[in-house]
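All remarks here apply to the structure that follows.
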Amino acid sequence: MDTGIVGGSGYGGGELLRLLAGHPTLKVRTVAAGSRAGEDLSTVFPHLNTSGTLAPSTPEALEGCDLVFLATPHAVSMALAAPLRDAGATVVDLSGAFRLPAEVFERWYGMDHTAPELTPAVYGLPELNRDAIAGAGLVAGPGCYPTATLLGLKPLAGLVDPASLTIVGMSGSSGAGRGLRDNLHVSHATANTAAYGAPTHRHTPEIEQQWSVLTGADHPVSFTPHLVPQVRGMVVTLNAQLLDATAPEAVPAAFHDAYDTEPFVTVVDGWPESTHVVGANTAHVGAAVDPRTGRVTVSCAIDNLTKGAAGQAVQAANVALGLPETAGLPTMAVYP
Amino acid sequence: MDTGIVGGSGYGGGELLRLLAGHPTLKVRTVAAGSRAGEDLSTVFPHLNTSGTLAPSTPEALEGCDLVFLATPHAVSMALAAPLRDAGATVVDLSGAFRLPAEVFERWYGMDHTAPELTPAVYGLPELNRDAIAGAGLVAGPGCYPTATLLGLKPLAGLVDPASLTIVGMSGSSGAGRGLRDNLHVSHATANTAAYGAPTHRHTPEIEQQWSVLTGADHPVSFTPHLVPQVRGMVVTLNAQLLDATAPEAVPAAFHDAYDTEPFVTVVDGWPESTHVVGANTAHVGAAVDPRTGRVTVSCAIDNLTKGAAGQAVQAANVALGLPETAGLPTMAVYP
Amino acid sequence: MDTGIVGGSGYGGGELLRLLAGHPTLKVRTVAAGSRAGEDLSTVFPHLNTSGTLAPSTPEALEGCDLVFLATPHAVSMALAAPLRDAGATVVDLSGAFRLPAEVFERWYGMDHTAPELTPAVYGLPELNRDAIAGAGLVAGPGCYPTATLLGLKPLAGLVDPASLTIVGMSGSSGAGRGLRDNLHVSHATANTAAYGAPTHRHTPEIEQQWSVLTGADHPVSFTPHLVPQVRGMVVTLNAQLLDATAPEAVPAAFHDAYDTEPFVTVVDGWPESTHVVGANTAHVGAAVDPRTGRVTVSCAIDNLTKGAAGQAVQAANVALGLPETAGLPTMAVYP
Amino acid sequence: MDTGIVGGSGYGGGELLRLLAGHPTLKVRTVAAGSRAGEDLSTVFPHLNTSGTLAPSTPEALEGCDLVFLATPHAVSMALAAPLRDAGATVVDLSGAFRLPAEVFERWYGMDHTAPELTPAVYGLPELNRDAIAGAGLVAGPGCYPTATLLGLKPLAGLVDPASLTIVGMSGSSGAGRGLRDNLHVSHATANTAAYGAPTHRHTPEIEQQWSVLTGADHPVSFTPHLVPQVRGMVVTLNAQLLDATAPEAVPAAFHDAYDTEPFVTVVDGWPESTHVVGANTAHVGAAVDPRTGRVTVSCAIDNLTKGAAGQAVQAANVALGLPETAGLPTMAVYP
């Protein structure tokens, strides 16, 4: 199945190339990039040990692709999705362009949506939305924080007061992309932890939208992301009030019910550690009830570039195209 | 003023030695250690570029000291505090031995308290408790997480619902001490973030006790600490419901009221970064109100070994002894 | 082909498990361990997201294996190699037990050799010794430093004065194994660079032995390894006097001659970076001649656990068994 | 003594401010910067917990300063040195502008020298050149690599063949400055080791010049620097042939002779570790003779921003001005 990757010079694109190299069905036909179009992959990503010229990010360059991954800025995704769909390609978008209704997108992202008719696309988190993804033509790959958050939240629906939820995220730097910024200078960031973006981080409405689907109620949530000094890996820790604090055993039962048959989610004893999921398409989740407060704490670890971006996009593509869901996706992390 | 340090082979003891080297009044007379007594400082801590034999951790070895810092395990602190007080020394303890009433200590620490008559000692957080520390003979130096948490909470008292508080901590590894443990192996911990200890971390009742003092109400709080991959520095981020969400401007006003005259606390625009306080006795705090949720988020960064332990102990000693509070304490961090 | 791994609770064993999960022919039948025999893999290595009880490190436990990897301490390898060979298994050893003649081993390793009749085994560096590895029954997997060094040296044979060679190594911590030691405490090692082991590091005679094979001359070499603060990845930089400094163009020509057809070695422009080979079985090498000194500098980067240990062992096993040399081995690194 | 700092928005300038805050005699009167002139220090360097507007980098702005540190680009140093000297100020320059004769500078730095009459200035490494620094009006602060290298080399003069010297450097990222570059992006550099700049690194002629002074012979040297993944701290490891390999005991004797009375240099048993000198103006050196090769290996660790830049500049200023050489300079590192 001929596959295109747009955004091949970014971290998401590089991770897609790594994962697809081991995929039995999806074969990379075209790798496109924006400003680095025309450069060779061996220069752009020496770690891939491969070569090939980056194509321009145009529909024409992607002709003949049955499947296209857009690991692109929001605006590029908005411009490419429609023509690619018209050309018959299945599209999996890793940007924020199609996760929200256009008017919500515009409010949180501060930019016009140029393809509102395609919003919201099918939300590409298979553990929440597998049936809808099957056969979908345009899949909106979830953000990294929403992925970790929603995997932690899914078993809590019905068990907690939806309005009591607070969420703290801790992400490695790779989620911030390849662009140069003062706070990503190695001398500044190597040993630094700091909150950022709160309370207006763009992943907030995405979490709220899916939390609303899970609970049937609309509540704004408090989400505070932090940058922590590692490259890959993120942990999201959330906290909510149990509706029935007298039945704490319902919590582990709900987690095992939700995940024991999922190929990419492991319920751990104790707390998950981000180092255990690096490079793998896996999520580790742990939960504990505090009888003193009647609150439950849940923590979820993923690799933001794999289960949080490129790996999940491949997983969603597998589901969308009717391939085995686990095809090409590593479950063994690179450790230590 | 002749000063003793017990626990001179641990990180807290090492940091005390570094800070007291620049102190105009407190002169180190005796450095004692437990299992490493008899070794030379040049072997135990090559970074100090000094020498001198470590004395045993006995009251006799500390005779003649006007001031003694106990950077020791809880049990050692419990054993030494009374004889040192009897000998007339002012004692500043960095362990958890004297922060709580003995019965609370025993419940959370899982060990008997052998000096209950000294509990709780004066809580050594000058920004909360300056008057009580002045002249005190036994000061209980706060834990690192409670320090960062309580500096973040102090301005919120009266502004938020005390029961709505959730707290997440992120600490560098130096807070875990010098002992060898699997999860502190460099190959495991270098690029790892993980929660630990929740919901029964020992700093929880210490936070609750002071939060109760600040608010006049008793509420259990939810506290989830994490280990993040840096050595020094911690960030605590907390979240609570505003009592009056229509007056968000009360929050920054309260922070500036609380801290504009404090020598060691800086209210920052945006969010504090732990790299900006490494090696300094300073705390950086930031706050933001989310009008959508009516909640306030506060984040506080300190160096867990300086403002979170040894620096604060020196600050408290300065206050206890009537010295200038800032004597010997750096406010400029080692950056980058 | 039924495969056994002994040392399955160490980093080398874990990496073998990760790599063999993607191997088309080699199927893991038995995973054995020493002190952790009886434990489950899900506890020993949560990052593998798999389960299975660790067998004891006995020949009986490995019965039926056509191929056994020994990722074990030297003494265990010495004890297991002969019985496994007698049982008909091909053995690839990752320890230092079989790389050197027994008497050289005893001098440098300070222990008796209990299987001297098997020494030296076929040296398992395919890029130097491919023909001898084919069909071999016992392969001695090279050390990590010798791998990077010898890949850098091979093209220099005949071009430089063998006696003029100096070698400096810089290794991530994973090469030091999973055991707890003071200098591997995360708080000590996270931001530390230091030499160690020189001039008596055990990889020195291994380098000398192969350098002698390459040049036909015996010369002791100067080798100084350093621990640098990363987990995976090592760089070896070496320096030697050119025999004919008037023909510097011979150097790049020799590197391209040696490696342009090698699947796992890339000659880079400029200097190789260890981050570009993490998790891959690849080596990046670069060289530059200094016309002022008439010396050549060569630098080689590998992942010490992959091309420097487990990956190379799989590569050698592929060659030994007549499988495609690249089977199951990733060439795309996990970046960033 | 009124002191000016130019380049106050760079890492060298920030470190000067930190150190001078504890200096008994040198009082900062003016802090100047280039493109960030007009900004406030609290914005430029939040870690300093201080405020004050950055002045422009002009001679006028520095009027009244008895001492000026230039932590500036080479061109700025060339432009400012003469007018500041004319105005009577003692000048300590941290750039490369005045370390070499102008014609050597121009060859290695690829730019014209606009103040050749001031070159070479007095070389500001007190352990090599204390007498010449005393009373000097313009001091050229050494580069970080030359500092570590020359402290390692000084005791070897007369003991080794000068032509046999090879040098490898490993530096933390802070030496590369505050500017944004792809190879300093945190996601690239956090876990990466790589050589760079060889064999034409600008510190090479500086090492050669002083090695020539020490040995009386002119020899080009081979120097290969590496960037290692830490922020502060560097290690230089060098290797040379002993003239008399039968007397290895001369080596430790020479190191102790050279350094036992030096306040900032410690001869360590074993190998020095960069983490032991962070934030201190100290150097740790270790040496070992290999009887097999007749070569000596020396390793030296410094903090590149302190003993390798700002601290050494203060030390040289102390010497130049007749102040106690150790005034204001920490010898206790910030560890861990």
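Note that the chains take the letters A, B, C and D in the order they are written out, and that residue 1 is the start of every chain.
Operating definition for what follows: a contact is a pair of C-beta atoms (placed from the backbone, for glycine too) under 8 Å apart; a residue touches a chain by one contact, two chains touch by 3 or more.
The shown structure was predicted, so the numbers you read here are calculated from the model rather than taken from an experiment.
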Q | Chain pair showing more contacts of the two, A-D and A-B | A | A-B
Q. If you take the mean of the Cα atoms for each chain, which one ends up farthest from chain D?
A. A
Q | Between chain A and chain B, centroid-to-centroid distance (C-alpha), Å | A | 37
Q.
Just the number, please: Cα centre separation of chain A and chain D in whole Å.
A. 46
Q: Any chance you could list the residues of chain A touching two or more other chains?
A: 11, 172, 174, 187-191, 229-232, 273, 275, 278, 336
Q: Could you please specify the touching residues of chain C with respect to chain A in the complex?
A: 11, 14, 17-18, 21-22, 45-50, 174, 190-191, 231-232, 266, 268, 273, 275-280, 282, 284, 330-336
**Q.** Parts of chain A lying in touch with chain D, wherever the complex brings them together
**A.** 11, 172-174, 176, 178, 180-182, 184-191, 229-231
**Q.** chain B-touching residues of chain A, taken from the complex the two chains share
**A.** 166, 168, 170, 172, 187-196, 198-199, 220-222, 224, 226, 228-235, 237, 239, 271-275, 278, 286, 288-290, 292-293, 295, 297, 299, 301, 336
